[in-house]
Structures are given as C-alpha cells and as structure tokens.
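Everything on this sheet refers to the single structure shown next.
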Amino acid sequence: MELFDLRPMLAPALSLACGIIVFMVGDRPFWRRFWSLGAAAVKLAIVFSMLPGVLNGTVYRYSIVEFTPGIGIGFRVDALGMFFSIVSSSLWLITTVYAIGYMEHEHERPRFFGFFALCVSTTVGLAFAENLLTLFLFYEMLTICTYPLVIHEETPEAMAAGRKYLVYTLTGGVFILLGTAVTYQWAGTLSLAGRGILDMSAGAQGLTMLFAAFVVGFGVKAAIMPLHGWLPSAMVAPTPVSALLHAVAVVKAGAFGILRVVFCVFGVELLRELDITMWLAAAASFTIVTASLIALTQDNFKRRLAYSTIAQLSYIVLGAALLTPLAALGAIVHIANQAFQKITMFFVAGSIQRTTGKTNIHELAGIGYQMPFTMGAFTVAALGFIGIPLTAGFVSKWYLSLGAMDGGHWIFVVVLIVSSILNAAYWLPIIYLAFFKITPGTHMRIKEAHPTLLVPTLVCAAYVILLGSLAEVPGMPLSLARTAVEYFFGM
Amino acid sequence: MRRALIIALLVLAAVPLLFGVSQLPPIGSTGNPTYTHVVPRYLEEGAEEAGAENIVTAVILNYRGYDTNGEVTVIFTALVAVLGVLTFAKATAAKSEPAEETPVPAPPMPVSPVTRFIVRILAPFILLFSIYMVIYGHTSPGGGFQGGTIVGALLIAVSLVSGSAQAKRLLPERIRPWLQPAAVLAFALVGVAGLWLIGPYLSFPVEGELVFLRTPWLTIIEFGIGIGGAAIVASIFWAMEGSD
Amino acid sequence: MRVLWTNIDYAASVVLFLIGLYAVIAKGNLIKKLMGLNIMETAVFAFVMATGIVTGGDAPILGKGAEPPFANPLPQALILTGIVVALSTTALALSLIMRIYERHGTIESDDLWGVE
Amino acid sequence: MDGGHWPAVLVVTPLVGAALCPIIGRRFPNFAGYWALGVFTAVSVAAGAVTYAVSTNGPFSYHMGGWPPPFGIELRFDEFSASVAVIALIGWLAILYSLSYAKHAVPEERLPYYYALLLLCLGGMAGFAVTGDIFNMFVFLEILSLSSYALVAIAGERIAELASFKYLVMGAVSSLTILFAIGFLYALTGTLNMGDLSVRLAGVETFPAAVAVAALTLGFSVKAALFPLHIWLPDAHATAPSPVSAILSGLVVKVGVLGMLRMYQMLYDSQVFDLKMLNDTLMWLGAISIVMGALFAMVQEDIKMMLAYSTISNIGYIFMGLGLASTFGIIGGAVHVFNHAIIKATLFLGAGALIYQTGYRDLKDLRGIGKAMPVTSACIAIGAVSIVGIPPTAGFLCKWYIALGAIEAGRIFFAVTLLFGALLIFVYYIRMLNAFYFTPPLHAHLMDVGEVPLTMLVPIVVLAILCLVMGVFGRIPLSFIEPAVIDMLAPLGG
C-alpha cells in the first residue's frame, strides 16, 4: 500500500529548519540546546510515527518536484529507509546530548551544532530518498555538511584531513553521478521503489562497469579498502562527530547506498545473472581482515576505532554481496548493531579524553577503576564486536554466517570467524589494561565523566544488549529488516 | 621567429579562405543570389514604398531603419564610452599613482595665418554643402551621416585653427548634451509616431492619407542623424583634446 | 584558378584582412595594432561591398534618366553602418591608448606586460 | 502579433533611456542611477511580457517598420530569446547594486556615463537576443561590445585601460570575423534574415558555407571566451567594477553562446553540411576550457580573478553541451546560460560587497570575513556550492543534463571530464570558503566591518536565493527551453 503523506518530507525538512535556526540563534547556549534537542526529538517522533505503518508494509511517499518525468526529488519511506532513519535519528538524539557536554568549552559552537543538525537532516533525506537522484543529492549534501565538522579544530592537520575527506568523497560522488546518469539512460527511470530497474538488455559488460562505478562511488564512504584513506584521518574531528558521522551517518550512507544499488537498482535477480558480486564480497572480506590487522597495530584509541569501523562496514557490504536473504538480513541489521556498538566506543573514547586527557591505548592502564561505568559500557560494546551471544553483534554475525552458508560460500564464514578472533585480539587487551593492569600511580578513586557524557554512553551500551537479547521482539530493528528483505527477495 | 610563425599561420589560414571565396558566386553577375533574392523589391518598389529615390537611403532609413537606429546608438555609445574613459582622467590618474614618467604635453603647433584664413573663408560653404547633403539625402547621394560628418569635420577644423573655445561657441555647453543623442531621439520620435499612427515601431506610411508624413519623417531622421553625428564627432575630438 | 580571378576582389579583401590581422597580432605598438584593426575593418567592408557589385551597374538612385542595371544598394547600406561601427571602435581605442600612455608612459605592449 | 508592441519597448527603451542619461546626470547628478533603474524597470516589464507571450503562445515575430521578413528586420522571439528575462533580472539587480557601489568605485563625474553605458550594454544584449536578422545582430553586438569595453575601463583601476584595450582588440577582431562571415553568407544566399537564410542555405556551395561557419564559430568563441581565445577575459572581468563584472561574466560572454545557438538553428535547419567536425571541436575545446579554467583559477589569489577564470570553465560546460548535439546536452547547455548567469552574478556581486567593505581582494586578506559579513559570505558560499554543481543548487541540474547528454550521445569520456572538471572547480572554491569561514583572520580590524548597504545586500540575497530555487524548481527553465531544442534538432531525425 502506498500512501501519499507529508511526513517523509517533514522529517528532513524539520531538522533542516532547526539547523538553520541553530545557526541563527548564534551564541546563546540555552536556545541552541533547545533547538538542537527539540529538533532531534521532534524528528524522532515523526520517524517513529511511521514505524507501525511501515511494519505493516505501508509505504509513505511524498514528491517535491519533478524536473522531467522520472527525475525529481521525492521521498519514500520503505522498510530499509525506515530502518536507517530510525537508527540515525535515535542516535542523533543521544549524540546531541553527548555533544552538548563534550563541546562545552570548544570554539565556534553555533557552527558546530548547526552543521550537526544539517548532517542528520540530510541523513534522513538519504534514507527516505525515493530515487537515485535524490539519494545522490543528499549524499553530496552530507559530504558538504560534514566538512566543517571535520575541520572544526582549524589546525593544519584538521585542514589536511578535511581536504583529504573532500577529495575522496567528492570523487566518489562523481562516480555515483556518472552511474546515475548511465542508469537513467538505460533504464529510463531512477526509481528506487522496485526490485531492480535495470535489465540485461544493456549488455553484461556495460552493467558490470556500471556496478563497479556505483561500488566505487558508495564504497568511498563505506570505506571499502583501498578507498578508506580518509576515514582514519578524519578522526581529528571532535569525538561526537567521529561518533555520529563516522560510525553512523556518513559511513552508513555509503553502505546504505550499496544496499540500495544492489537491491533496488540492479536487483537480486540481475546480479545473480551477472555473477559479479563475488568480487565485491571478496573485496569486503579483504577489507574485514586487513583493516582488523591494521587496527591491531594502532595505539591511538580513535584510530583503532576507525580501522575497526572500516572492518565492520564491510560486514554490511559483504552481506549485501552474498545475495541471500539471510545474509541481507544480517547486513541490514548490522547497520543498527554496528552503529550502537561503535558509538558506545566512541563515546567512551571521548569521555576518557575529556576526563583524563588520554588518547592512546597504552595510557589506559587501570582506567577501569577510575571510570568503571564508562569502561563497563566499553566492555559491552567490545563483546558485541567479538560476537558474544546476547549482544547485538552476535545477531548480525549469526545471520551473515547463515546467509553465507545458504549460498554455499563457506569461505566467508571463515572470514567472519577470523574477524571475530581479530576483534577479540584488539579489544580484549584494552579491557585487560583497563581493569586488570594496575601500574604505579593509577588513580583508584572513582572519577567518572560528566553525566552528559556518561548517560548517553550507558544508554547506548544498554541498547547493545537490548538489540542482542530482544532482537526478535516485534518493533525491534530486526523485524523491520526482515520486512525489507522479504520485499527485496520477493518472499 | 615569432613573426615567421605568425605569418606561417596566417598563410595557412589564407588557403581555405581563398578557396572559399573562389567558390562564392562570381562578382558582378546579375544572376547572383545577392541580386535576385531580396534586392529586386528594393530596386523596383523602393521609390514608391519607401519614399526615397536614393535606394540606399530607402534601405538605410526605411527597410532597415532599425539597423540604423542601432547604428546611431553605436556612435552614441562611442561618445559615452570616450567620455566615460577620459572624463577627469587626470584627476584619477594623480589619485591612483603617478606614471613612471609624466609625459610632457607637446606645445600647440602655431597655425599659419593662411590656414586660418582659408578655413574661415570656407566654413560657411562647407556648412551649406553639408545641409544640402542632409536635405537631399533621399534623392541623391548623401544623407544624414555624410552631412553630419562634414559639419563635425568643420568644427574640428575650426578648433584647430582658432582654438576649441572658439569652436565650442558654435555648439554651446548648454545644448550640447541634447544634440549628442539627437539621432537616437529622432529615431525614437519617428518610431513612436509610427507605432502610434501606423503599426510596428518605425513604420512609415506606405500609402493612404498619411503618406504625406513620409518625407517629413525622413527629413527629421536625416537631420537628427546629421546633428547628432556632428555633435558626437566634435565632442569626441574635444574630449580627446582634453578641453571638455 | 580562373574562378579565383573572377573573384579577385574577394581574394584581395581576404589578403588585406590577413595583413591587418598580422599587424594586430605581431605589432607591439598599440597604435599599430589599432591600425591593423582598421585595415581589417576596411578589408571586411571591401568584401561586403564587393558582394554588391553589378557589372556596368549604376548608382541605385532612381528618378529621371536612371537606367537599370543598378548596383546592389543593400551592401552599401550595411557598410555605412559598418563604417560607423569602425569609427566608434577606433575612437574608443584611441582614448584608451591615450589613458594608457598618460598612466604608464608607454604604448609598447612589451613594456606594458611588466605593468600587469 | 502576440506580445503586442512589447518587443519594441524592450529593445528601444534602454537605448533612449541611455541617450537621456547624460542629460539627466548633468542636471541632477544624483539622479542618473535612479533614472537608469526606472528605465530598466520598464525594460524588465517588457522582457517579462514577451517571455510570458512566448511561454503561452510559442514563438512569434515582430516586424520592425512593418516590412515582412526578408525585406525588413524581423525580431524573432523563441525560447532562446527568452534569455531577455535573465538579462532583465541580472541587469536590474546590478543597477540597483550600483546605486551604492558605483558611488565609491566610479569617479563621480563619470557616473552618468557609467549608467548610460550600463543601459546600452544591457539594451544591446536584449536587442542581440531577440533579433532575427543576422546583420542587425552584428549592430547590437557592437553596441554591447563597445559599452562593455568602456565599462571595464570606467572605474580607472590600475590596469583597467590595458585590460579594456586587450578586450577591445580581441573583441573587435572577433566582431570583424563575424561580419566577414555575414558577408560570406550574404554572398551565398542574398539574404540576411535568419529564418530565410536557413532555408536558402540548403542548396549552396558547401565549402564557402563551411568557411562562414568556421568564421562565425571563431568570432563567437572569442566573445564567449572559449579556451584558448579567453586571454582577454580574466583581466577585463577582474578589473571592472563588480556589478559590471557580474554583467560581463554572467551575460556578455553568453552572447557568444547565444550566437552559436542561432547559428546552430540555421545549420541544423538547412542541413547544409555535416556538423560532426564542428561539434567535435567544440566538445574538445569545451572540455579543455573546463580543465584549463579550473587550473588557472586554482593559482589565483585575487578573488575576482578566480571568479573570472571560473567563467571560462563554465563556458566550457556550455560549449560541451552544444557540441554534444544531443537533446539533453543542448538543453543543459542552454539552461546553464541562465543558471550560470545567476550564479556568477551572485558571486561577483558578493565579491564586490567584500571589496567594498574591506578594500581587500586577496583571499588571504579576506580570511575570517565569514563572521564579519555573515549574510554576504553565506550568499557567496551558496553561489560557490552552486557553481560547482553540488545538488540541489542551480548548477547541478545543468551538469546533470549535460552529463546525460554526453551519455545519450555515447560520449562517456566527456561526461567523465565534465564531472571531474567540477571537482577541480571545487578545489578552488573550497579554498575560498576555507578562507572565509575556517581560518583565523589575518587583519583583526576586518572583524569590525559590517554588512553592506541594503541596496547592495538585497541583490546578492535575491540572487543567492535564486541559486537555490533554480535548483529545486529547475524544471521550469528546462521544460521552457525543451521545445526549442527539440525543434532545433528535429531535422537530424532525432
């Protein structure tokens, strides 16, 4: 059932408006907080109000303008988009609270919070994009809106990182635009509503090139190796930015784009026929293993997180590339699971940095005594990444493995297991350091982070467990993901 | 070296151009498209339709009057442009920065009494001739431009022999701004009259009871062009001379 | 070649045009450049006028005693306009050159590059 | 005749208004600007009226002097002529902007001439856009060129006269080339009316026609500053007063494009010879222009120089669109004529505002200006994002269309060049935005300057809003221009 509804448009528009208001209130802390939080809450409410309908298979749509038939800006809320938008907007609320605490003494706060709000507005627009052009449009806007956040420090290092970020993502954008144009030429439409708009008539070779263009384009943001270079550099941004954007909004936009391309532009059938996704799966597997290995060598906390992100993102890509329903389910659900886990970790890293000033892992000895709750949250997230049952990470790995076996690709199950081991190898030492290694001079007194930092961290950690243990409860992300998968595979 | 290169390039460009012109319809033949397509109507009916026995004038002022309207605007533009570039040039030059070497203005050349005498003697005749050219432009060679330019040249000659101040008295400061755009205004006047009485902008009566208006209108335009041309040519000269 | 001979007027104006272009490009002195421009203008006028030539044609002034064939009046009308345009361009160019000389003390383009 | 006598009002009013401008300026020195504004308001109304007439009833023509087309001069209004609407819009805003700006930038005694020249320039452009007669086109081209040359020099900046002279020489040579081509066409066909020409060109000798087309292309390319014929542009556009730069960059170079469009209309119609070579040349030159313009712009420090080089890139886009000879490509190119005018006017007027308030032109001196002049800087930022072609701004749509056109024509390479060219362009605009927003100011006193007067701010803001609106409602110009392009390409059997 398709319903014409204002809400798909309202969600991004409202946060856009709030972003502009945040710019305009300038340096008045109360109103800035009011509008930032208010926007987050209102948008979350709007998004959630559509949830029951989407679960029942209703699709909400709203189109703003059409340039020519088939090309225009339109929004359409289906299960996949809903999934992504719920993740991003609930995390936005949490991160905003965190950011208010974190950015207390930073400069240029109006700019920061303004662009922060704009980013999330564009993320929701991206999630609700009705066609490839709208998707591209918000994808590019996201790039632009993130740039000021990345270079927030305005140090030469930050500027360099910002430049790198732009070069990577805009180049990716060019590939997407090119792919979009070619798609339009071949398919005559750009709609993302169906199960694939292209067909074999364009020739296998051309389609392969097109697929490659899309993968390269979205792969930049999804940080598939070797297109990941910008992500570790972008860690110079303030932690909330790294948390929300480099764990959720930006990188997931890339992964989300790949999902859209695989399921809605090409469609499962066509890709099976073309038999090209194994290359993507191989690239993803390579990324998973290599990035994990690099992460092992990183001492800077945030850089290790960054490489972990790179590895985790490829789970999603891998799941999409396997082209089996269960793998797809694992991929989609991993969007949420990875987001909550990674954001917990970023919050922890940020809290530690703000409270103790430590940014490197070897300095963290005994920190668990000083900040037990924070490190407790970290432990939960780390277990999630390793894939211990009852945490979120287990759910996605479980389905990914099932999906891989379904398709008869044992090798990828091995990759997932190796990845789990590697995850254990780079997260557990931190836990060990924090709780069990007491060097002389360790503060044994509890000195937790400020509540505005701690509470969001704990909430996210709680979610990690919730997503893992109550995954099958209706209304949880898994049910949404299932709705999406059932549609894409025509089940 | 550079020159040789340029010459080589130009020679290279000459080849297709010359080949191109060799394939154009032969010059002078009455069978050319230039002579068989549009022009016959001008030659056959121009005198009656457009009201000027001189067909060139008929084309300039009537058939393609709008072109001429543009053309008088071009020369007016030139005047405004020259004034815009030169007005108070020295003040700005001094304000911005001194030139590396201030050019010394050449002292005015003494004018021989013979020249002065001859210019003075000839001046009225030149003026009369130019008025003749303007008035009879539509029946004989001549026209507003030609007449106007002659007056302009006369004014320049007078400026040269007896100084600009003298010449400017012929074209006083008070009315000069009104005379400079005379051609544009004359066109506008006739054009709007045509718009009001007949049809589109710049329409001339072709037949009927209004046809008597044709000659006066042509004359108005011719005089406008003449006066405007003279004023503009002289004004440009004065502006360049630096006395304006 | 025979055809080119018939159209020798055109050919001459083409050559003149290129000579003018040579002066515009190759000459350093701004006045000479302007002269080159004027040569080009003249060449184009000659070219357009040549399209209106009619062998044995009379001036296109009707009235008593006028006998066809007449010369083509249209190019004459066009070129009258063209001349005015050329005059205007020249006037503006000259005043620019005057200002350049006043300000920089030279009108050799080689010397003027340094100014920029 | 649909459209009544508005066509005559459109072309004649600015010329007469300009003729009276010095008189009024002499009598009431402060009034010249308002007079120009008033005159141009009338012109804008007429432009709106004819555009409306075209959009409701389709193309129509107006016979000057009442003579039927091949004999008299015809004003032809089709979708391409509707560029008068943009001329009216940008011109009006530029004049409004000048009311404050020119008082400082232009010596007081020259002000009446400044406004007269502005009116002549805009009027010439309007006349050029609507004429259906190829010689008349030349006449109006000259009105517009002459006034542009003078406008470059009028502020009397240091190298203004040199820049103007360079512009004049190149411009005059190109005008003569065009006139030469007109002579060729006349000798071949015996007519000057474009519609008639396109019919009569059908049977003529191919080679002379090709020479004429080459000469026209050359002439219009110089006017449009297509690489490598752009050398006059940067100095001229950078030294002119900012409202003039906006007009020159936004509108005057587009005259070359419009001329090309007119030429194409004739050629496609008459099918006199295969245009593949011409199209390929234009495409390549367009591609090179995009890249070279961007590369030159990257090394500039002066903000207006940067913008001037950016114009060369954008002209490259347009010519690439024309050369593609596919429906989408030409639509994209033609609409970019409109959109680039708006965007570039935003940028130049914005840059002018910065220079007006601070007196600095180099990026490093303007650091941190984003806080001191938030509105202006925001508008420049919108313009910058728009010209790069980041959606959903005006610039994006055109690039999208040209890219589609390239793919439609099977020329993926050009689509790639175009899109990567956009990235190159972004490199220097991001430098500009970095300087404005993300770097600490070099001059502390810069923080104390405020916004510009309202008459300057309003045009900038209006144009910046248009940059966004044209992106979102881009369909309007696109669907407006579409029938003309389809009509134009119809003889190709496409």
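When the chains are written out, they are named A, B, C and D in that same order, and each has its own residue count from 1.
The rule we apply is simple: a contact is a pair of C-beta atoms (placed from the backbone, for glycine too) under 8 Å apart; a residue touches a chain by one contact, two chains touch by 3 or more.
In this text, all values refer to a predicted model and were calculated from it rather than measured experimentally.
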- Going by C-alpha centroids, which chain is farthest from chain B? Tell me that one. A
- Query: Any idea whether B-D or C-D has more C-beta pairs in contact?
  - Reply: B-D
- Which chain, with its centre taken as the mean C-alpha position, is closest to the global C-alpha centre? D
- Query: Whole-Å distance, chain C centre to chain D centre, using C-alpha means?
  - Reply: 28
- Message: Just the number, please: Cα centre separation of chain A and chain C in whole Å.
- Response: 69
- Quick one: chain A and chain D, Cα centre-to-centre, how many Å? 43
- Among the residues of chain C, which are close enough to touch at least two other chains? 10, 17, 21, 51, 74-75, 78, 81, 85, 88-89, 92, 96, 99, 103-104
- Task: Two or more other chains in contact with one residue: find those residues in chain B.
- Result: 17, 21, 23-24, 32, 34-35, 38-39, 42, 64, 67, 70-71, 74, 77-78, 81-82, 85, 89, 93, 96
- Message: Can you pull out the residues of chain A that are in contact with at least two other chains?
- Response: none
- Message: Going by the touch rule set out above, what shape does the chain contact graph take here: line, ring, star, complete or other?
- Response: other
- Query: Which pairs of chains touch one another in this structure?
  - Reply: A-D, B-C, B-D, C-D
- Item | Parts of chain C lying in touch with chain B, wherever the complex brings them together | 1, 3-4, 6-7, 9-11, 14-15, 17-18, 21-22, 25-26, 50-55, 59-63, 68-70, 72-78, 80-81, 84-85, 87-89, 91-92, 94-96, 98-99, 101-105
- Task: Over in the complex, which chain D residues touch chain A? Could you list them?
- Result: 385, 390-392, 396-397, 400, 403-404, 406-408, 412, 415-416, 419-420, 422-423, 426, 430, 434, 437-440, 472-475, 478-479
- Could you pull out which chain B residues touch chain C in their complex? 2-3, 6-7, 10, 13-14, 17-18, 21-24, 26-30, 32, 34-35, 38-39, 42-43, 46-47, 53-56, 58-60, 64, 67-68, 70-72, 74-75, 77-79, 81-82, 85-86, 89-90, 93, 96, 99-103, 139-141, 145, 236, 239-240
- Which residues, counting only chain D, touch chain B once they are in their complex? 1, 5, 8, 12, 15-16, 18-20, 22-23, 26, 62-67, 70-73, 107, 109-110, 113-114, 116-117, 120, 123-124, 127, 133, 135-136, 139-140, 142-143, 146-147, 149-151, 153-154, 156-158, 161, 164, 184, 186-192, 200, 205, 207-208, 210-212, 214
- Residue ranges of chain B touching chain D (in the complex, touch as defined): 16-17, 19-21, 23-25, 32-39, 41-42, 62-67, 69-71, 73-74, 76-78, 80-85, 87-89, 91-93, 96-97, 177-178, 180-181, 184-185, 188, 191, 194-195, 198-204, 206
